[in-house]
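The same subunit A turns up in both complexes below, where it pairs with subunit B and then with subunit C.
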Partner chain A sequence: MIQTNLKTSGGYSKAALQRVKRHRTTEYTLAVHTLLTGLLVLAVSALNLFKPYVSDTFLPAMSVLLVISLFHAIALLLVLKFVRRNKRIAPRMAAIAGLLILTSATGNLFALLLGIQLLRRIRGQENPTSAKWEDIWESLTRNVAAMTGLSFIIFLFSISVCSLFTFDYSMATENNYSAILQHPSLAYPLGTDNFGRCLFSRIIFGARTSLIVGLISTAIPVVVGGILGAVSGYYGRRTDNIIMRLLDILYAIPGILLAIAIIAAFGANTVNLILALSIGSIPTYARTMRANVLLVSTYEYVDAARAFGSGDAKIIFKHIVPNSLAPMIVKATLTIGAAVISTSSLSFLGLGVEPHIPEWGNILKLGSTYLETNSYLAIYPGLAIIALVLSFNFLGDGLRDALDPKLS
Partner chain B sequence: MRKTSLLALLLTFVLVASACSLKTKTDVANKPDNSGTTTAAQNDTRVDIELLSMSSNESEINIIRDQLTKNGFNVKLNLQPDYGSFKAQEDGGNFDIALSSWTTVTGNPDYAVRSLFKTGGDYSIISDPELDKLIDEAATETPEQYTDTYKQLEQHLVFDKAYIAPLYISLKSQAVNKEVLNPDTVRLSKSRALAWETIDFKDTSKRDKEPLILTQSSSVLTSLDPIKGNDGSINQLNTNMYVRLINLTDDDKITSDGSLSYNHSIAEGNTEYYFLLRDDISFAKIDNKQAVDTGERVGADDVIFSLDRAKDKNSVPDHRTYSLHEHIKTIETVTDLAALDNVKQSSGKGSIREALDAGLDTKIKELVADKNQADHTAGKYQVVKLTTTEPFPQVLNYLAHQSAGIVSKKQVESINTYDVAKFDVNKDIPYGDQNTVTEGSKYNNTLYASGPYILSYKNDYEGIFYKNPGYRKGSKFEPKIATVKVRFIADSDSALSALRSGEIHLYYGVPETKYDTIESDSKLKLQSIESNAVSYLLFNTSNRDVAKNEDLRKAVLYSINQDDFLQFYSNKKIKAVSTVSPIVKTGNELTADPAKVKEYLDKYKATK
Partner chain C sequence: MGAARIAKPSHGSNLSCYISDVYAKMLLNPSYKYWLLVLGAPVNLIVLLYYGLHRKNDIYHALMNETRSELLEAGYLTQLLEETQEQLLRKQQFFKQHVSAERTERQAKHIAEAKFKETLFEETNRKLQSGGQQRLSYAATFAKLIENPVFLLLSILPGLLMYLLIGLYSNPYVKYVFERLIMSLFVILGVSVLVFTILYLSPMNPAANILGETATEEQIANFNRIYGLDQSYLSQLWSNIKGIASFDLGKSFSGNEQVTATIARKFPITFTLTVISLLLSMLIAIPVGIISATRRNSLWDYTFMFIALIGLSIPSFWQGLIFILNFSIKLHWLPATYNPQDWLSIIMPTIVLGTGLSASVARMTRSSTLEVIHEDYILTAKAKGLSKRQVLLRHAVRNAMIPIITVIGLQFGGMLGGSAVTEKVFNISGLGSYIVDKQFIPDIPSIMGGVVYTAITISLINVIIDILYAFLDPRIRTRMKQY
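Right, the complex of A and B next:
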């Protein structure tokens, strides 16, 4: 993707392209993505200029974003000039790295990644784990599909954060009866729904809900399932039996049915939605973790730690868990997509978040009744869901390849 | 790189250029407020309010939520998936305001207020002596007099006390597949349910070969005993299964057409009502799932039996309609012809006999007590006289309601042998129980239908009706189509799809947002008229702040902007003030007023 980007941005002679290719370090890829994500956020936010009015914080926020983007451009140039493969980076780049990390407050996680990467290179950590980290990034940044996915996710994350300042929430939630069911125009880039709310703003704000619910409802089972799996894999025997059989009971209930039951019992709101989606997927994570722990705990360094007299907790969380994490990360990334779909499905059934709160499933549900007359109401939220799920899947695939020791 | 920098530069330029003319939210918001000086010390806390509704009313809920939110409320939604759980929440008092709707199926204003707002009414949670007085006063008045009384009632109900906050009157509409049905034969009436007997195919040769396929949303039928239900699941079905003494025309006038009576008349003083009965209708029953003529005539004894049980709260368990008939004092057969000659009509001109004789081929020669002796060709008729507890001309509207449908005395008495006081729902099977007509082990159809059609059996998918072979054979009211299937389709979008694909022939109650779709389909015809259905917000009257605090209720009332609803439904709704609005034009109007909302809210907050 990077290649094509550079090609299309044109102006480069073949020789120059060769030169760029030669310098295509991880840092360079990250820097390009940082800049592009920032510009994309800026451009999408700038569409608000055509609205009848903008939020009070629009102008200052846009100025800050612009300054940050300029800084990212400078950072890119610096990276291009001073960062070389297998060479130490001058310590003065540390200031740039620090600033980059600061700018990641806009939600542009590429800046954070780039900052950390630069700091690591400056410190010159050459121990084995650091090498592994390098390899992972090396492999991931070379995977175009994975980077596209990651870009889209980070773009959404960033726009979710920035929309706090650059978008007006009332455009997405307050009814405007004078602008009902308008076709896409400059003021309403994706048209308006049957209550006259701007679909574009709703989808942007919906990203926040979808992302938050998707991430948290994956993080909870990863942590809970991970701990349960680790404990049961490490101690084995009776502990294992009790924990796993209990989880088997949970596993026997179909996930979406359990979620519907929980929401029906406790009411439809975001917190219940997250819990409902989380609980159902705890067993699968516990199983994955347990299998890894069973394998890892037979390794010599675990025996060595035990011989040194380390406590169980220390062995589990310092030696075993970090080395069993890779499959969990891959699995989590792949299931975030599923969680986003579940959220949308439940909202579509009227069991998710309250109907007026922008959430992609909600928006799609409303649009589905206008498929024939105002199809854009269903197409855009549908595309957004597809794109996000696809992005997580691409990223998951890329991570799996990058983390797989056999492939690297 | 140069390109991206250029892009950034361009963006900067655009930003700077537009910044000069850009309006921010506060710029826009402050403009209209410039005139009023804002007071510094304000209580800006939002007032919590819980809105209860079925989730199928999502659009209305969103509009109400939006209006209340903009007026300083914090709206909590309590959405229930179906009517059962909605009712349970309502009965449990888990709401401040509940989105409710009412359809006056009898077409008279008394019904629109009596059971809803009178102390002790079957659907009433309100107790206000002033309201009771006005309701009773209006009931005895003629249309010319009652307009003013209902106006006062609205003033008290809505503006003075804010027991309800009105939203809109709906249109009643149906879409007909005009390639299959003859659209001229499909009636659309303001109040009464759809009459099936007149409906005919475009190709009349298909009458006996093909079924007429209709749809309704509810597959669970409350009861097929007419007095035990008064809701959307059975109104149309029972209307077509049981004939009544009287009918309503499409514009809510009283008529004998298509009813059990040849003629009817009101006696001087407005307390006595006379009906001349037909002798050409007999009950149908179901034998081997087919409709057969029982040979048993529908006569005066059945009328007396049916209306006596309709007004008696204790005639059956779960009597849902007795309050409609509480004005009936007695009902009896008249056998003395002289009694008809001696009584004058309410207009003061002519005797009752003259009124009942009007338009008959053979004039009344003799009145008989036994229904089997009646013979209109020989001038032998049956006449029943109904006396009301007080002068109450609107009683005729109630007699046209499906709950006044005529059932067979013999059959119902033979089925309902249980003791009402000790009725055991697990053991006793009452007449009209839906389980007896649902396919399965409990199937045992004991229905006796006096109307044009009879239900043979039903399942979750459809109900099958056959024409009553003994219903006015040879007349223009004889049912045209032999078989009627009612498909149960819960979702309105699915029902519309079914209509468009030709699976059903007629779709009754098309949502306003779908009118365009139907009008753009060449094989469909849309018919619509103003209905008697009113949507309103009902306030909790027992355990919440809104129950005690009038100011809070008024703040909600004046937050409601009916124009928004009209705009949302592209003017396919009509403004309302109360449930009588579709029937009596009182001239009242509710206007949204944010200033009043603020005033009442401040008053409310001061009491906290």
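Right, the complex of A and C next:
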């Protein structure tokens, strides 16, 4: 967004931007984000130094992270020097790419993306789908808002992985009556709650739950709804009628109420929460997929596949589904945010994740009782939720612009 | 309507001709055919009897036999057979298939016979038409009988339902509304079955939860007997569906109150809250979306869309808490909890509830207006010399509103459900917080009633929106007439 703002405001900045842009390959953007995300994880983990004690694995984990970040800096320099637009990359870079993919074990998915991108460029694929893929990547990496969103999501993912080693879980879950309701300080960057638990650690550990629940409860309806929608759009007539009418029933119940009913029946825990949220959003995905499949089925290549004697299953999954995925991906990204909000809302009502697990909704629920005296207990977890949801929305908007310029 | 225009020349009164035309059309529609035959069973039986008696001496069969012998005499079948055989051989040659001669012959014979039948059928029909005659079909029988005023008069009473259905079918508007209503009835029934089944499958034991851990087995069995929980799935389901239809779901498990009476007391609160915030958010969001679309890529556009994106990302309970913290606790401007007597107390809940909707409506308005602005008719309107304002308001926005209203209709449902969270934050005793309170037991009739009546409201609102569309949008109107 900032970038486009600049574009409209004056010729000078436009020229300057163009100069930067010429050097800015997709690989460069990814390398910068890899390094920045790694450093951010390192910095946030380093806040633990002010704590009275750290976990046993803190020092080795931090040194490993430091080494990895150094390597990422080197990779960035190499990319800047050797990777040029429209030129093949020397096969020597394959070693760097391999190492980058290895370092993505820290949860830094930018490293994985960069590694794969480098390998693809080294292999020099030139088929048309790859070119299209390249375009999508390029327009996504140029979108500052989308990349910021993606950075925050990957940062949260990475810190969720790294916190296994660098954070002490007992800080977030075990009561410490000597430090009850303390205001933010260096040892407790966001203060402590009524049981003396460090709010900062709790939010970091809560990221894991929120991300996992959000992703799974989006993935399940995407797959189920996608299959139902594809079948119903491809076969049409009676199949279509039966599937869509049954899904209409699900569609008539508001998602939150259906989730409440399911949780009322089967009890409040994480698995039921995921199922409850998933079932409610199946019809939306089925409708999106059906509309796409109806459109794609009329294309010539589907007729061609049929003339070659391909079976229905093969036509659906090899020709139709891959070509109708784009709107599904956009929709899924935009609704992960909604799933995160629903998760925390249900936890806030006491219907979601079990209360002893540090999840953002749970933390907020606890904090809301101290609204008058210790309002930070309610403010910070809420900010975390907003940041995550906003990131998914930014990413979703960026993906929509990149995948289908018509949709924007 | 359409049927009358293409009516074939026929004698008898206009009405009977009209009825028989619609009747014939309905027979072609599989779902209506079934209802038509069932609803008008007495009349249809007589028609069937008449049809069976007169079918044998129908001219069609004689004509068909005649044509068949003519074609056979001309050697048409053998000619077809030879042609097909040759085609098959060539095809096998091309694909390098090896098929036994016997099988090829059988295949050829099969295909040739099918082709012969087709030709025979076409030829017979051609002859019939050239002779100005009609094949005696079931529908034609009906038409012939109904031409007789005596039959028409006699059949009115036994076939009243059928004639009503015919009248319904003949008017596309009425038919559309009728079909839409039937569909939502089906959805409501489905919702009731689904919600009941979910609650029935529950492993929870409400009796133990209400009576406490010390309850004896006898007490639990007694509780289950009173609330009918010991009955079979189907009988419980039936009584629940009956209860929903007759607005009598019995007493709730805890609190000893009539479920529907409680819902009737709580529902208006939720509904009022939702409607006010719906109106408020439309009032804000639609102008914002239009401004963003007309000044695309301007600072206004970016600011508005950024705010909208934040609005989409704020969890409503957190927003509520922050509002309470700032406006009630710190500034003492507004009361923190809802109180029906104090109109100031409804401000914060409506804003919180409406934020998400405003955000999505603003985004939708923007993209929908942008899409419309590039249409040809906007260019035409500009070319006509209309002012910018007129083009925008009369042509662009009017057309852009169509998808927006759909989104509002759909979001309204989400708001009715989502109000549960807002109600909890502001301590409003509406339907949403009622359902949440009852789910811990779980109080099956209360949850069932709350969820199902909310779903019914949403379905009805969507029906109304759909029907309004049908009358307002000329495109839908023409499509309606076509099918």
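Note that in this section the second predicted complex is superposed on the first by the 383 of 408 C-alpha atoms of A that agree within 3 Å, B and C clash if a C-alpha of one lies under 4 Å from a C-alpha of the other, contacts with A are read in each partner's own complex, and residues count from 1 in each chain.
Note that contacts are C-beta pairs under 8 Å (C-beta built on N, C-alpha and C of every residue); 3 or more make two chains touch, one makes a residue touch a chain.
Every value quoted in this text rests on a predicted model; they were computed, and no experiment measured them.
Contacts of A:L186 after superposition: neither subunit B nor subunit C is touched.
In the superposition on chain A, no contact is made by A:A95 with either subunit B or subunit C.
When both complexes are overlaid on chain A, the residue A:L364 reaches subunit C alone and has no touch with subunit B. In the superposed model, A:A252 makes contact with subunit C only, not with subunit B. After overlaying the two complexes on the shared chain, residue contacts for A:E372 are found with subunit B and with subunit C alike. Touch criterion met: A:A265 reaches subunit C, while subunit B stays clear of it. Touching of subunit A by both subunit B and subunit C, each in its own complex, is seen for residues 372. On subunit A, the positions that touch subunit C within their shared complex are 1, 4-5, 8, 245-246, 248-250, 252-258, 260-267, 337, 341, 344-345, 348-349, 351, 364, 368, 371-372, 375, 378-379, 382, 385-386, 389-390, 393-394, 397, 407-408. Against subunit B, the residues of subunit A that register as touching in their complex are 9-11, 35, 39, 42-43, 46, 49, 52-56, 58-59, 62-63, 66, 69-70, 73, 76-77, 168, 170, 173-175, 177-178, 180, 194-195, 268, 350, 354-356, 369, 372-373.
Considering their complex, residues 1-5, 7-8, 11-12, 14-15, 18-19, 22-28, 55, 58-59, 61-63, 65-66, 69-70, 77, 79, 81, 493, 513, 516-517, 563-564, 567-568, 570 of subunit B touch subunit A.
Only residues 183, 186-188, 190-191, 194-195, 198-199, 201-204, 297, 299, 302, 306, 309-310, 312-318, 321-322, 324-325, 329, 367, 413-414, 416-418, 420-421, 424, 432, 435-436, 438-440, 442, 447, 450-451, 454-455, 458-459 of subunit C touch subunit A when the two sit together in their complex.
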